[in-house]
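Labels for the chains are A, B, C, D and E, by order of writing; each one numbers its residues from 1.
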Amino acid sequence: MSRGKLLALQILVAVAVFLAWHVVTTWSIVADVKTMRFFFSTPVDVFKRVFTMFLEGSVYRHLWITLVETILAFVIGASLGIVIGFWFARKPIVAAVFDPYVKMMNALPRVVLAPIFALWFGLGIWSKVWLGVTLVFFIVFFNVYQGVREVPQVVLANARMLGMNERQLLRHVYWPAALAWVFSSLHTSVGFAVVGAVVGEYLGSAAGLGYLIHQAEGVFDVTGVFAGMVILMGFVMLIDGIVTLVEKPLLVWKPGETRTV
Amino acid sequence: QGALEKKQVTLGVGGKSLLYYLPLTVAERKGFFKDFGLEMTINDFAGGARSLQALVGGSVDMVTGAYEHTLRMQAKGQDIRSTIELLRFPTIVVAVRKAVADKVKSAADFKGLKIGVTAPGSSTYITVVHAMAKVGLKATDASFIGVGGGASAVAAMKRGEIDVISHLDPVIAKLETDGDVVTLIDTRTEAGTKALFGASNPAACLYLRQDFIEKNPNTTQAAVNGLYKALRWIDKASPAEVADAVPEQYHLGDKALYIKAVQASKDAYSKTGVMAQDGMKSVFDMLKALDKEMESVSADIIGKSFEPRFAQKAGTTVG
Amino acid sequence: MTGAPVHKRQGGDVTIAVHLKGVSVAYALAGGGKYEAVQPVDLSVRDGEFVALLGPTGCGKSTLLNIAAGLMPPSSGTCEIFGERLSGLCGKAGYLFQQDALMPWKTAEDNVAIGLEVGGVRRAEALERARAMLAEVGLAAFGERYPHQLSGGQKKRVALAQVLVREPKILLMDEPFGPLDAQTRLIMSELLLDLWQQDRKAVMFVTHDLDEAIALSDRVVVMSAGPSSRFIGEFAVDLPRPRDIAEVRSEPAFHRLHSEIWSCLRDEVRKTYGLTNKGAA
Amino acid sequence: MSRGKLLALQILVAVAVFLAWHVVTTWSIVADVKTMRFFFSTPVDVFKRVFTMFLEGSVYRHLWITLVETILAFVIGASLGIVIGFWFARKPIVAAVFDPYVKMMNALPRVVLAPIFALWFGLGIWSKVWLGVTLVFFIVFFNVYQGVREVPQVVLANARMLGMNERQLLRHVYWPAALAWVFSSLHTSVGFAVVGAVVGEYLGSAAGLGYLIHQAEGVFDVTGVFAGMVILMGFVMLIDGIVTLVEKPLLVWKPGETRTV
Amino acid sequence: MTGAPVHKRQGGDVTIAVHLKGVSVAYALAGGGKYEAVQPVDLSVRDGEFVALLGPTGCGKSTLLNIAAGLMPPSSGTCEIFGERLSGLCGKAGYLFQQDALMPWKTAEDNVAIGLEVGGVRRAEALERARAMLAEVGLAAFGERYPHQLSGGQKKRVALAQVLVREPKILLMDEPFGPLDAQTRLIMSELLLDLWQQDRKAVMFVTHDLDEAIALSDRVVVMSAGPSSRFIGEFAVDLPRPRDIAEVRSEPAFHRLHSEIWSCLRDEVRKTYGLTNKGAA
């Protein structure tokens, strides 16, 4: 499908969603309009708000902080996930011993941990970053761990026969073989990095998109809440786009559909 | 006034936009902290408990929060003291859903009902339980549902998932204007508070760690001064002026409604910043009666829980 | 330069490169069972000797190569490499696997060069030597292709280049010329013999092509059909070296050997083909 | 390594953690003991509390509710993730069109969505279930989507030549090929299902472990908070164990290390 | 029952099973380039005809089978199956791939049975027929093994059983006997001819074994080396049927054909082996 047609379809979907949103917040079809607006605002208002936020310029500071937190959370979480994932995959004993603990830690509700993070890392960006890290880490970790174990046995045997030591195996075999899994997890975890940062801000902070959303929510300013979320989404698309850009050249070797011309 | 030991301070609050914390917003917006040389960073938390945790952990220097917290902390051996009273009455409202209003006329009728509170254990919860205890009901006679702070509380009432709600503005204001509830107990007013607690009942205050106060008495004084100035300003200002002072979003999209809400609770803001002795005692007694952990705590902590000297000094120096 | 003595082990003056001593292999099956692929066998390949391994499909040829490579431990017995007991991987051996074993994420030339690079050769030099070796196997124009863009025979030749470029002391080759046409097979055989001649390596060579086995090797070892296969014949190949592979087939010694080995093999396969089936019915 | 030795090592790790915990909450090493206890309680107190909670029996009702929520969230989220993941993987146009929207939705902070969920699904278990679903879904979805695209081309071609239609391909090729990815994502998402349920309860509910934790937090009962989290962890191990039990027989065909006997 | 006419297409009374009309194939390379594997060729395989495809490695044999299977569209020209233009997959064909293509998550017998099951055969019956077919290829005892537990030749035979059990109207076979020893090859060839004889299918058979090609087929088509390979020879095999594959090699007609095709192939390979390399230097 051509890029143009694809874009058209995508826009169509967006328009459909907005139309539905507009309709249910303009006419009392599913519920009383007043109630609907209380919970969902209206698309027009939300976009007006987004627009003024950018026009006024008040949003940039918050955006910048959330961006920094998100990127740090993403980079640190993904790196840790990759490193520890590889380590576990290559050291079955370590993996076996720590396996239950990793899973337990993954189940801790981050919301409850927030005060401890504030204690350890203060209220600056770092407590948010680490909150994001705890989300990103596990997603990447589990995928890397699995990805390494999926390396075809014969390719691995061949590489070892070629004289590769553990470090070289990592670089030339495990890493490229696990790459598809890593990227799959990165696409999931981009979103979670943002969620971590925003939730961190939401739970206690002085700036950032999460702070804005929290402020708006406290006074039932749904328009503000949705405006914040819309900005957030644009945000994720951006970072995800970067991930995709990095991914493409790294995965050229993938067989895929054979093409004749 | 001596030189400030610390110019840049961080303050924690759980839900800054609430009317409960109006003096803080006023002091910030009107630049009252700056007047006393403070550069104040305000961190907003999801709930008062979190701002207190941040204080204990040392990530904020001071907190505007519920007076009850200082009592609890004193009981736990954490030396946290309040320095100025901001709100004399809890401003908690207990209201009942319109549809069952004719059957539920007072706390005595709460038996078997579903009661929504901000969170189990919080002051909204304690207030209802206190009211029930007064008419001989136990906490276990009703079921309590944590409905959270904001829109989910409204949603819960609108969907009819709860029969009674114990909450604060703006949730109450929203439900009242939409005509969803009928008010039973209203501690936004002196009369309502006295009726329920028999005395005033200090709610919001500024509290700090004792060691911070000791090391930074002038900074503490400056923060108290700023808030005191805000209290005086609120006392003199008309509700409309208050509405103009806060960010537009705080109006809930309806300025007239906001002005009405300010009007309703204006009386609750402290006049002097100094807590009444019987008020502190009443809070303490209530906690002791309702919380197992507080049972064995002696009344001595009341004395440590509030340091009046800063508010008193502000009263003499700040016009 | 003629064939090696058969059924007798050498004295001290000849080094033995690969020595399987009483090696048997039984695979663990799911559900706790086991499958005895090879019953205890002895095999020694002298340094510089070219041994061909023949046997019916599924008899355990790849299994023995895996043991010699150190990829898995034998169930009983030991494997010695140049007199040292092997535990873990055999660093001196190059192994051409029966299956596709190229790294799919590397181009053909990178696949060949990597074996040199991990040995410490600079990348530029490694690439140069890799390209030269690819040219030798007839793939000069395909260096930048990824494995999935190559035909079956091309992949096999890349794998061949990958093994040969490292010049290992021991060569383990599992049907290296399987998917190649007869002509290319000859060319590759010549290449292999050339390299082997220059710097006598020990070679264990699995093939199904009897002509090829005789034409290339010093000794042909024939295995019985599985399960529990054993060696049922060893044949010294007393043909002069250097050999012209295309020509050697017309020598009478070649024909004699051919029919000897052929009959040894045929009976075995026919017999076992029936047996295996009955065993399961 | 033998099972016994492994268990011993695992217990060793646990003991080490408890010891460290005990030490820092008993002597003022890293920080004032009082502050440490305010945030971390002490291991002895926490286990005493867990013990009494089970002894008194008050916890069972809450546990049961959280269990139901978690399992529902897990099952619904994973099923949706699998179904939609397959659908997207098999319909490249659908995938291309909705791709940005899926990623956007993944970035919405669930905490902010809680009121909307409460509105739609009430304060009963369903709002918690759906909160959990929004976490589980994305993790499973992305992995299934990737897993399906990783099917070896030649195996796929062979299956098609054997006459499989789309439905049969799904069942006999895509599904088993993607299974390792699915299970990897399930291990991650078990934790997230619990987190979803607990956070949901935490934000508004009448029962459940999250409710207990929230209640304890409201009165600064850290011991209660940690007791709740300890129970939570035991909980996750249980569900994860079930996933592993299901996984084992389904993945027997995996090559893995060749074993001689 | 003798060989088919060559270089002339049939009249209306003989159905043409596979008809490649001016088919050429160019692969898209990364970076926008393309590689012309096969230049426009014509090939028709009549219903019941057994055609062997020979050619140097990398010439495009697998490519042509893929086209006939409908796995990819030709760059130019069309492929007709029983007179109908092919678009999408060819449902009438069974394809034995050159690479491993078994489903690794199914046991050998499930791999064979599934082809019947998807066609609507009850599972019990499908399994029974699968087991019978596995016995035919000498793997009765290996039905419950997963592919990774089988040797190279065993996997190939499972794949063979998988294709044969479905009794397709057209058989596309890419080096089906590659990793098999000579004896097993004979047995499998006999099996294939038996089945083919019972119910004449159209067969396109790729092999590198010239003997095998002649012994089995009605016609041998030889391709030139790539790139842009074309057909450089078609040879009718006028040997009587039914043939005894082991015996047929001793007939004089066999030898004549053999040397004809051999020389046709040899020149081609030798030439192109040089060319490919020069083309890249």
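Some notes on this structure:
As a working rule, a contact is a pair of C-beta atoms (placed from the backbone, for glycine too) under 8 Å apart; a residue touches a chain by one contact, two chains touch by 3 or more.
Fair warning: this is a prediction, and the values are worked out from it, not measured in the lab.
Path length between chain C and chain D in the chain contact graph, taken as the least number of steps between touching chains: 1. Contacts with chain B and chain E are shared by A, D. Between A-E and A-C, more C-beta contact pairs are found at A-C. One finds 27 Å separating the Cα centroids of chain C and chain E. With each centre defined as the average position of its C-alpha atoms, the distance from chain A to chain D rounds to 17 Å. The distance from the centre of chain D to the centre of chain E, with each centre set as the mean of the Cα atoms, comes to 50 Å. Computed from the mean C-alpha positions, the centre of chain A lies at a distance of 37 Å from the centre of chain B. Along chain D, residues 39, 115-116, 119, 153, 217, 252, 255, 258 each make contact with two or more other chains. For chain C, the set of residues that touch two or more other chains comprises 27, 30, 99-100, 148.
Counting partner chains per residue, chain B has residues 53, 57-58, 150-151, 154-155, 158 touching two or more of them.
Contact between chains, per the stated criterion, is found for A-B, A-C, A-D, A-E, B-D, C-D, C-E, D-E.
Interface residues of chain C facing chain E in the complex, by the touch rule stated above, are 27, 29-30, 54-58, 62, 98-100, 135, 138-143, 145, 149-154, 157, 174-175, 178-185, 187, 208-210, 262, 265-266, 268-270, 273, 276-281.
By the touch rule above, chain E contacts chain D in their complex via residues 69, 71, 89, 91, 93-95, 97, 99-107, 114-115, 118-119, 146, 148, 159, 162, 166. Within the complex, the chain E residues that touch chain A are 25-28, 30, 34, 72-75, 148. The residues of chain D lying in touch with chain A in their complex are 1, 6, 9-10, 13-14, 39-40, 93, 96-98, 100-101, 103-104, 106-112, 115-116, 119, 138-139, 142-143, 145-146, 150, 152-153, 180-181, 183-185, 187-188, 190-192, 194-195, 198-199, 202, 210, 213, 217, 225, 229, 232-233, 235-237, 240, 255-258.
Residues 154-155, 157-165, 168, 172-173, 176-177, 179, 252-253, 255 of chain A are the ones touching chain C in the complex.
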